[in-house]
Amino acid sequence: MKKLVRILCLVLALSLMPLAFASADDPVTISIWASDRENMPMRNGLMTINMLQDILGIKIDVQSAPTESLDEKYGLLMSDPASIPTIVQYKANKLLQYKEAWMILDDYINETDTPNLWKVYSDPVIRRYVSDSEGHIRFIGQRTAITCGKLWFYRQDWLDKLQLKAPTTMEELYETFLAIKQGDPNGNGEADEIPFSVRKQGSNNRANLMPFVNSWGIEETFFAEDDVVKFGAVDARMKDALAWLNKCYEAGLIDSEYLTLSKQDWYSRWTNEQVFMSYDWSAYIDNVGNLFKDTDSPVHIVGTAPMAGPTGIAQTRDQLQPITVDEDWNAAIYVGASEEQVKAAMKLFDYLYSEEGMLLLNFGVKGEHYDVDENGNLYYTELIMHNPDGLSAQDALRQYGIQSMLTLLQDARYERAFVSDEVNRTRDLYEQEGHIGPAFPTLAFTDEERDIINEKYTDIETYVNETLDKFIMGRESLDGFDAFVEQVNGMGLPEVLKVYQDAYNRYMGL
Amino acid sequence: MRRTKVSALWRRIWAAKYLYLMFFPVLLYYIFMRYAPMAGLVIAFKNYNAFAGFAKSPWVGFKYFSQFFNSIYCWRLIRNTLLINLYDLVFNFPASIVLALLLNEVRQPRFKKVTQTITYMPYFISSVVLASMVVQFLSPTGGLVNNIIESMGGKRTYFMTQPESFRTIYTLMNLWKNIGWNSIIFLAAISGINGELYEACTVDGGGHLRRMWHITLPGILPTVIVLLIMRLGHMMDAGYETILLLQNNANLETSDVIGTYVYRRGILKNEYSYSTAVGIFQSVIGFVLVIASNWLSRRFSETSLW
Amino acid sequence: MSTVSKAKLPVQRNRIRESFSRRLFLKINVLILLLISAVMLYPVLYVIAASLSEETAILKGEVVLWPVRTHVLAYAKVFRYPQLLTSYRNTILYTVLGTAINLLLTTAGAWALCQRKLPGRRFLTLMCTFTMFFSGGMIPTFLIVKELKMLNTMWAMLIPGAVSTYNMILMRTFFMGIPVSLVEAAELDGCNDFGILIKIVLPLSMASLMTIGMFYAVSHWNSYFSAVLYLNKPELYPLQIILRQVVLQNEIVENASSSAESNMAEGIKYATIVVAMLPMLCVYPFIQRYFVKGVMIGSVKE
């Protein structure tokens, strides 16, 4: 019996030992909720995450959420405050919807503790991207290296074949589309060309079609003109823009399936030699070009400046902002986190904003994933560029967690390393020739304002969404545009605009 | 006298102790997974905020209900939901009865078995796959349906963006998926009909159709009625997962149903209180329908669900 | 003699006429059923053909019924996709375990509810039936699952749907068809209710168990929404989540930097669909013979 007791004691002691040791030097654990994409993994065990744990002496626990159902997951996460992890990475407006959930970071960002963050966020222009309606910093954003995200591109070889000159205005573009449709550039004897085709992207099916209206100086929804917030869908200029879109749609110049076209179907239209022009992320100039790699098609895809509208405006407005507030990268710290966790999280953010952290997250480990040539230029190694497992360069990088969801500071060298000269040329054209119009900021609302938006704007949004498509597709005549405007106003647009104007004024410090 | 009654009840309860024991896990399930969430419906009357919690969220009474009834979409949602279900009820429900009747008349057992196997098959395909197949087949460029239309001299049509086509598409899709599977229960009911009745009918010189009309159909009527009552209880729900996958702005006019609306406002926009209020409205209508139809059925046909 | 033949003749003629109309009827019937079968079968055959066809043939619409330029590369790729195998294993686990739990609870519940000697039976039956038409909705259910600490465990895939009221009613109706005499005989032999259920009722209820088991198994196999709600860990994901990722490939956001995506080709999409539906399609024909015997429905009041 005594023996048994002794053994039991020993077992107990042994089992308690790890606990005793643990308390002394245990690293702080911070958990991160973040989107996990097939081509952009964010999981425990990624090389970069392991390295960050070693470098910073913390433990990182990633709670991956599948990107397909992020909105659902986020809503469910926030329905249960007890389960919210230390850090949540998501879109700015979604984070700000629950602003009471996040730490105010104003005092944590200073010259001594977080010099790298301070360098960026001491700039009031940058700071307002990450602030709530009272002007407090609520999250850390991803700093982008480039501003030109999306652009227009078309098949130069078709223009050459039909001896057409490059269009520069919306009217010329319409003529060009017609010529393409009738000129049979793919030479199959059928008028099966689709001069303009876009893929459906995300929840806004028209995302890649509506930038045409930018040439009229407006946006589809909210935009600011001389510091007055306006709603594009009911603007008088929208009627003209819709008339143009409808004219093209009726003539078969715009893809009739723009509402539902998946990326694959869009790709197959290109490979079937049907598409002339499109609008998408800049890298798609290369992606589309690569589709023809193994064919003998004379395809030549070039980027083009936006077409000028009736008043000469040639801009796109949905470009990248200095902080990517619209993307899933913005990181907020939960108010329920312990002081140590907050400190560890700030340490992590500051490191990610440092030169060293930037290199690790954009390029990986020197000598292994990248190297520096004699001129000081960075280049990726063979392991990345010609991966032995046959992965594309990007996939090769991302399997290590390089360029992952944690990359808070992007580097222009990374952006340029992957894309062709044509993409770089077009990006420069947009950035340097003034083709990038003012983007409307992501505004922060008070609770009362949010109530008004929920009550009024949700239905307006649905109504506008479906009616715009009806106008474009000619299911409803543009004669009804004034009635449409009246209806939207009757649904409470003036109240919503007032809320937006107030939030905008706060944002701009007016 | 009274005491003996009470003790008699206790004796009966004691006698059924093993049955209670058997039912206990099921009871726990219903209490925890079905009834406990119903307490959560209270958030429809509050401005629910997860950070304040159930108790501290302020009461707002019927604010969200009146918001829904005042929305320009209220009537459209109710109409769409009812119509989609009505289509299903009018076409798909009888279709599986007809299939069961046809199968019942087949005399070659092997053919019958193979036909059954084939018609059950679509049921095993998940809605994710089904929806993408529908979009693919209906595509105006290269879609199977449009290829056929064109080869017959018709004009390619973009069905998925036509509000007037949506209900037809959805109903046909469900017909394809469920007709075989739903016929099982009717086949079962048919096989339960007393064979002597058929013989009697044949002896009376009854033809095939007569037999079907006078014996088979009345024989399965109780099953049909019970299923119909259950179906009516779900007139306000519609498979919103599948509808969501088929929905786009252009067909919203007919494809937006209460389920997708609740999903959009509740899960995507996180307006829990509002969407719960709409959900309650949906449940109440369904509940009223099931009670009414059960009452009607009991009154006129002596068959009822309870 | 002649009277007999006279009496027989009309019957004879009647029979000949009837057998002609009967044959016609049967022919038309077979024709209709063949047509229905073709409509049922075609989309599935198309998917299988496409999964074996070359990419460009699928994109150009050359695939009609038979694979074009056949290869199995798509399948090779699908099976090398590590998440697919994990999710496959998970789905099998959820299906087997989930169906076992379902059947256990459903038979116990159904047998208890069909016993006349159970006081409060009517109340309990209505309590169950009520939930078919009135529910707490998604968010409250989620909060309960969370409170019970089932989030991110496989229990979240098994417990919330552990009993389907509809299936319980089906089984209860089936049980009611079991002869009372058998049960009474067992009772006289001193069997308690558990013994009766296991020794007498279940062996007689194979058809019902198989059919309702199949109902449950299919819903587990195809279930994906509870995974969306309750699971956050990729290592717990069921097949349908992966299927959705592959087939619908929702790109919600794509940054400018995500240029060279790994393109999941059409072929892979179709191959994944086939891989996902194959097990169910292989299993059900064997259980099919029980289907018709296994489902009965009637009023819940008796």
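First chain written, first letter: the chains are A, B and C, and each begins at residue 1.
Here, a contact is a pair of C-beta atoms (placed from the backbone, for glycine too) under 8 Å apart; a residue touches a chain by one contact, two chains touch by 3 or more.
Predicted model, so just to flag it, every value in this text is computed and none were measured.
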(Q) Thinking of each chain as a vertex joined to the chains it touches, would you call that graph a line, ring, star, complete, or other? (A) complete
Q | Pair of chains joined by more contacts [C-beta pairs], A-C or A-B | A | A-C
Q: For subunit B and subunit C, let me know how many angstrom lie between their CA-based centres, rounded off.
A: 15
Q: Averaged over CA atoms, how far is the centre of subunit A from the centre of subunit C? Could you give it in whole Å?
A: 40
(Q) Where in subunit B do residues touch two or more of the other chains? (A) 142, 266-267, 272
Q. Among the residues of subunit C, which are close enough to touch at least two other chains?
A. 59-60, 139, 143, 244, 248
Q: Check each residue of subunit A and list the ones that touch at least two other chains.
A: 72, 76, 79-80, 268
Q | Residues of subunit C touching subunit A in the complex | A | 56, 59-60, 139, 142-143, 146, 151, 228-229, 232-234, 237, 241, 244-245, 248-263, 265-266, 269
Q: Please give the residue numbers of subunit B that touch subunit A in the complex, ascending.
A: 50-51, 67, 71-73, 135, 139-142, 158, 160-161, 248-250, 252-253, 256, 265-272, 274
Q. In their shared complex, at which residues does subunit C touch subunit B?
A. 14, 18, 21-22, 25-26, 29-30, 32-34, 36-37, 39-41, 43-44, 46-47, 59-61, 105, 108-109, 111-113, 115, 117-119, 124-129, 131-141, 143-144, 148, 159-160, 162-163, 166, 168, 192-194, 197, 211, 218, 221-222, 224-225, 240, 243-244, 247-248, 273, 276-277, 280-281, 284-285, 288-289, 291-301
Q: Show which residues of subunit A lie in contact with subunit C when the two form their complex.
A: 36, 38-40, 43, 63-70, 72-73, 76, 79-80, 83, 146, 148-150, 201-203, 262-264, 267-268, 271-272, 281-284, 286-287, 290, 320, 324, 326-328, 391-395, 403, 410, 414-415, 418-419
(Q) Residue numbers of subunit A touching subunit B in their complex, please. (A) 71-72, 74-76, 78-81, 97-98, 100-101, 205-206, 256-257, 259-260, 265, 268-269, 454-455, 458-459, 462-463, 465-466, 468-470, 473, 475, 491
